[in-house]
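Okay, got some structures for you below.
Two complexes follow with chain A in common, the first pairing it with chain B and the second with chain C.
On to the complex of A and B.
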């Protein structure tokens, strides 16, 4: 296959890069190496939640926070991508979400502070409007509502933690449960099964009535597991919230994350509908180089090798999550240039003693130039027309600072702009 | 006045202590078991789970081999549901192994072990994963898998039904004495620090590798040599049967299919303290290499975690070290040997012979107490009453796995999808005061033992701490974090391949979706990795044991 610019990846960075190319009128080919963990764990777009790894004080203004981070850490991928890329990429994504039929809230000016499924406040920048009423800067008491026989959201745990860090008195946070019509106890059901049922008008009317009766008081808001419909539009949420009669907000659950499914299914389909060609393939496994340029990448798809010839390439891989980077016992190998991105004498060196601290393996990736080109040991680009975005950039781990989404946006946007100029 | 009293105190909640508690209860002797951690959290729970036919010991340790033969047959009667009859192959992969074969065949004959040489082609037909290097194959139908957790729980629950008590997370702080007669123990709760006393007529020290520390509280010496063994867990059963190398027992020469996984074992390294059990990369690597000689797919299977246990080898004074030492056991009558009445130690041995060890020590103690009721543990099954443990083996069938055509799906809800654990499997344990941590739930139900290593079920279990045990949010959250951290420790030594992707999902759920790291920070300093003694911390009296 031939393409103007090929984007490889299955996450937000790949989508933002592809959309950037499309909006600029370029012919982009999106190579999607399969479902990534985004489907399991994505819910919101976090730009910068915490300014460092030791603080519990959330960042209030993400754009200002990133500007400060760039000033303090000129090697950080945010610095390489630039604040403008974050701004432009965020504007592009926000507009795209609207065009694709989403209703989202938030801006780079201010983070929302939303309770998680364990009842911990968490700062997020862009969120589905169905989550926004959970903002902890609002003052209405919160009633967490779960379902009998459903353990992927435990309202009692969320309430037990949030009541310690938020709210004035014992009445500020409560937990209730209702039973779901048709979901017999003793039968297996998942978030997706429930979300599908919420698409039914009679079902959600019945559940809304049960919640209204159980919540019993006025002036509260209801925090629910994110199962209010399978699709991206707000119809299920809006009509359900109206029936409940209280503000309602969704909270991401244990996987599968319905919020992640809604986001990525819709964006992927929308970009295909708007004319971008997409290839589902196993991760690329080789690149052909000449004269300092990448001429071709080889994909494995449907049992055969498929060559892709493009003028430029954006590698928007999600770390090792989508299987793109391969971790052997000692070395992490990249699929294009077959270089060892990291060498670990013993596998234990890839990790920290604590699961809750930054993991060395998470920051393994391509070292990049200030134009996001992958560079070799000599500091020179491996190929002048290849640009890296997202988790595949070395040297940072977005987990602790809650910045995965913003980094995907900024680097995806910047890599696409560079690919256009190449 | 002591806080409570009983007939016999059993110290140690491994297979031996659990077996002793059951034996006492069957003889009608009132007993309390105290364990400083959880049941099966020491040597027993960290064994590889091979139910020995005796083949492994038949050349070097004939007495131990004969015990294995007899006890294996007894366990198949009394502990049916804790055993899977996988059978075992002993395979030769080198000329050196072949030279060992005549001695092996002779040893099997002497010990009375059923052993049949089968043609390699036939063996490959039955066990296609056997590697190309395999030259000779012996079939030992009495090798099997013995689940160490169910074994201990089965013994303990059987004893509890007869009135015995169990106190977990309770260590012995000292002894009560009247003259030279032990009259009770002082205990300390290892979580709350609370102290208590139990009056009794006799104490049985069944603490295995820790026996020397307990004996020292009475100023007597019990020499136990702690020998570490490292195991690697593969995420699926790479073979149908247990595979042993037909040679002088060495490193990495056992592969045991154990429920949903396969366990590669093991190494033998003398350690200074039973809790200093580092997992060295060379050990892990060596075991995978050695395992690959016997079975294809060992090196490409997903290694899911590694763990280390400690053998409690009893020093009979011989020159032998580590594997050369006998796997036999000894009852130490401290009244006769040291002039301390009412105190007896049981040391050495292994899980397969736990029942016999219990019988021997209980015989002695019962006799001293004037109890003449004979031992019946070889005849009365563990699950002699209606008991959920009986059904553990049949879980997939109970879950109503859908048939390809016809039947409507009737899947039941699961707390742990990896190990097919249902809410009704975990719920009763939340009501058991002996269960103090989520790891204890894991040991009793297998929750969190699968490929995701508790990434999903930890949240559901934490929820139950709030709903079923009325714990506060921070306590439940810390318990969830502790479970994840303990699982993480075992993941780290085998961190390659898809393990990285798995860890990214775990981080995505707990740190990004849940913001667990900030929750923990707001509750106080990040938890230290669960306590593990290090070489520098060894108490003086331990150091002298080296």
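On to the complex of A and C.
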């Protein structure tokens, strides 16, 4: 199949790249290898939460923070993508969220500081409006509300942790639990099941009443796990908050994150309905090169291989889960050019025993040029018309610095612009 | 995925991953239309790879709710690790049916071809019966087919007979040497044969208009009704018969299917789920009709002297079309036609999944799954809803009252076919 520009991936980098092409009037083909694991960890779009891994001081102004990081680390993926790509990409995403029917808040100028499910403060840049009332720079006391039988969110733990770092006064953070009609103890359920139930008017009216009674006092805000509706971000939230009678904010839960589900479902739906074709269920697995250009990539379609013959390619895969990297016992190779991206004497060299340290495997990936082209050992592009975005770029380790969203936006946007020019 | 054999991984077509490849990411659960509509369904992750670990050859280990999997395969198209979730569920459903004994309904719905042949022979009577409330009540009580579900109309003249009558040359070897560029074998499927002959006529017309010789080899039901009604052995018998006949075609003959799920059976399930020897080369030369026409277009062989067709259309991509891994060729094709205004709707599964939504205990669930799509169709208010799959079309018509058509109908109109 012929295409103008093919984008491979399913995460935020792939979506931003595709939208960038679409807005520029180019014909993008989105090749979707299945849901990337990131789908479940996304809730907010974080640009830069911590300037380095040693500090506990959150970044207040993400744009200024990224500018400084670029200055200090010219090899960092942010530096390769450039500050302009972050700015333009963020503007594009913000507008897209609005067009797709989302209500989000935030800007590159200032981070919000929001409590996590374990009650730690976390800096975030763009967030669903349903989370915004959790901002820890506001002063109203917080009541964390959990559900009996649902242990992915433990309100007592969140309250205990938060009262240590915020407010200090025991009155300002509290934990309550209510039971959910139909969710008896002993029944197995996930945040998705609860979110589906919240779409039912009678169910949420009942739960709102129970929370109102438990919370008892006036002037508090209620923090609850993000389960307020599966598909719409505001419909359920607005009517529910009105019935609770207090400001309510959602807190991202352990994966699967309903917030991630809403975000990715809706963006994917919107981009398809606005005319971008998606190829589902066909993992891409090889690139054919000649004269320094990629001539086609091969997809594993039903029955046979399907060649995609595009003018340029954006490879926006994220990790080993969505097929960006293939990890063997000693080598990690990439699926397109089959080059070794990392060697390890023993596989355990890829991991650090401490969960809280940066993991070596996280930064394995394509080495890229300053135009985001994958480069070989000689430093020259493997193909002039291929550009890499997202987690598969070497040195891309967004976890500790809380920069996953911003890196996806900046590299996705930049790779798309480069692909247009190729 | 993580594996020791990275060398061999990269170049195989459609590698299937073992259960161990499941990373427990729950992606499959979040997209499953059944899990999204009812909380008694435990979801593909649990019923597929997780339960598979405990299933043995000898015992079915039928888990509660297993039956509710509709077979849409959205879990498989979503799984980033290519776990064959739905195949695990299918095999377990089949095993369960074997152990508990198949119901009359399993038999009836699995033998759609026999049933349709009978329906077609007795068309006026069968159509009358299918619309008669008393007959429908009896059908619900005796067989378990929901009385509100409209059943397709049968036609007396089958496509097979129409083709024989109207194309006088012998079936195989009609290719006019030197004149026609290509020869294709049309796998029309039971639907075209017994219910919508006109669609088959249009497919033949379009292909011939492009200088392609169409042959219609003798064929059997593709087997999907048997697969989804827990009769894998029967499906394999049908499939083997088709593979035998289609393998005998000259090497330069491509196979075309106009039915999404028939095409997917030929391309994929014969060699995977059903493990029919010799199925792979057949699958490798099978094309969906729109996929094929688009291929002709890219090769510069498609006649694009289309007449304008002034119409507003809404395209719904069937779940099984996504499994083909070929994108949406129908949308590309229709955008070549002047006057066509094509919108797309992405509301996921329509809910019918072949014979799933026909069953008395699943009818309501099927309508609930489809409700998001129905709302979107009603809001769009277009002239017609296009879907490549016939049961999607039935479901959309039933759920919305809108008209629906196969995309090739628009292509045929643009060629002046009336």
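Note that in this section the second predicted complex is superposed on the first by the 417 of 422 C-alpha atoms of A that agree within 3 Å, B and C clash if a C-alpha of one lies under 4 Å from a C-alpha of the other, contacts with A are read in each partner's own complex, and residues count from 1 in each chain.
Here is the rule we use: contacts are C-beta pairs under 8 Å (C-beta built on N, C-alpha and C of every residue); 3 or more make two chains touch, one makes a residue touch a chain.
What you see is a predicted model, and the numbers here were worked out from it, not measured in a lab.
Applying the stated contact rule after C-alpha superposition, one finds that A:255 touches each of chain B and chain C.
Once the two complexes are overlaid on the shared chain, A:2 sits against chain C while remaining clear of chain B.
In the superposition on chain A, contact is made by A:116 with chain B only, not with chain C.
Of the two partner chains, both chain B and chain C are touched by A:189.
Once chain A of one complex is fitted onto chain A of the other, the partner contacts of A:154 are limited to chain B, with no touch recorded for chain C. Contacts of A:29 after superposition on the shared chain: chain C is touched, whereas chain B is not. When both complexes are overlaid on chain A, the residue A:202 reaches neither chain B nor chain C. On chain A, the patch touched by chain B and the patch touched by chain C overlap at residues 37, 40, 188-189, 255, 320-321, 323, 327-329. Contact residues of chain C toward chain A in the complex are 1-6, 9-11, 13-15, 23, 25-27, 29-31, 35-36, 39, 42, 76-82, 264, 266-268, 283-284, 286, 294, 298, 322-328, 331-332, 343-347, 372.
Residue ranges of chain A in contact with chain B, taken from their complex: 37, 40-43, 46, 49-50, 54, 56, 116-122, 149, 151-152, 154, 156-157, 159-165, 186-189, 252, 254-255, 257, 319-321, 323, 327-329, 346-348, 350-351, 353-357, 359, 361-362, 399-400, 402, 404. Contact residues on chain B toward chain A in their complex (touch as defined above): 281, 285, 410-415, 423, 456, 459-460, 462-463, 466-467, 471-474, 476-477, 480-481, 484-485, 488-489, 491-497, 499-501, 503-522, 526-527, 529. Looking at the complex, you find that chain A touches chain C at residues 1-2, 10, 29, 33-37, 39-40, 182, 188-190, 192-193, 196-197, 230-231, 255-256, 261, 268-269, 272-273, 275, 277-283, 285-286, 299-306, 320-323, 326-329, 331, 333, 335, 338.
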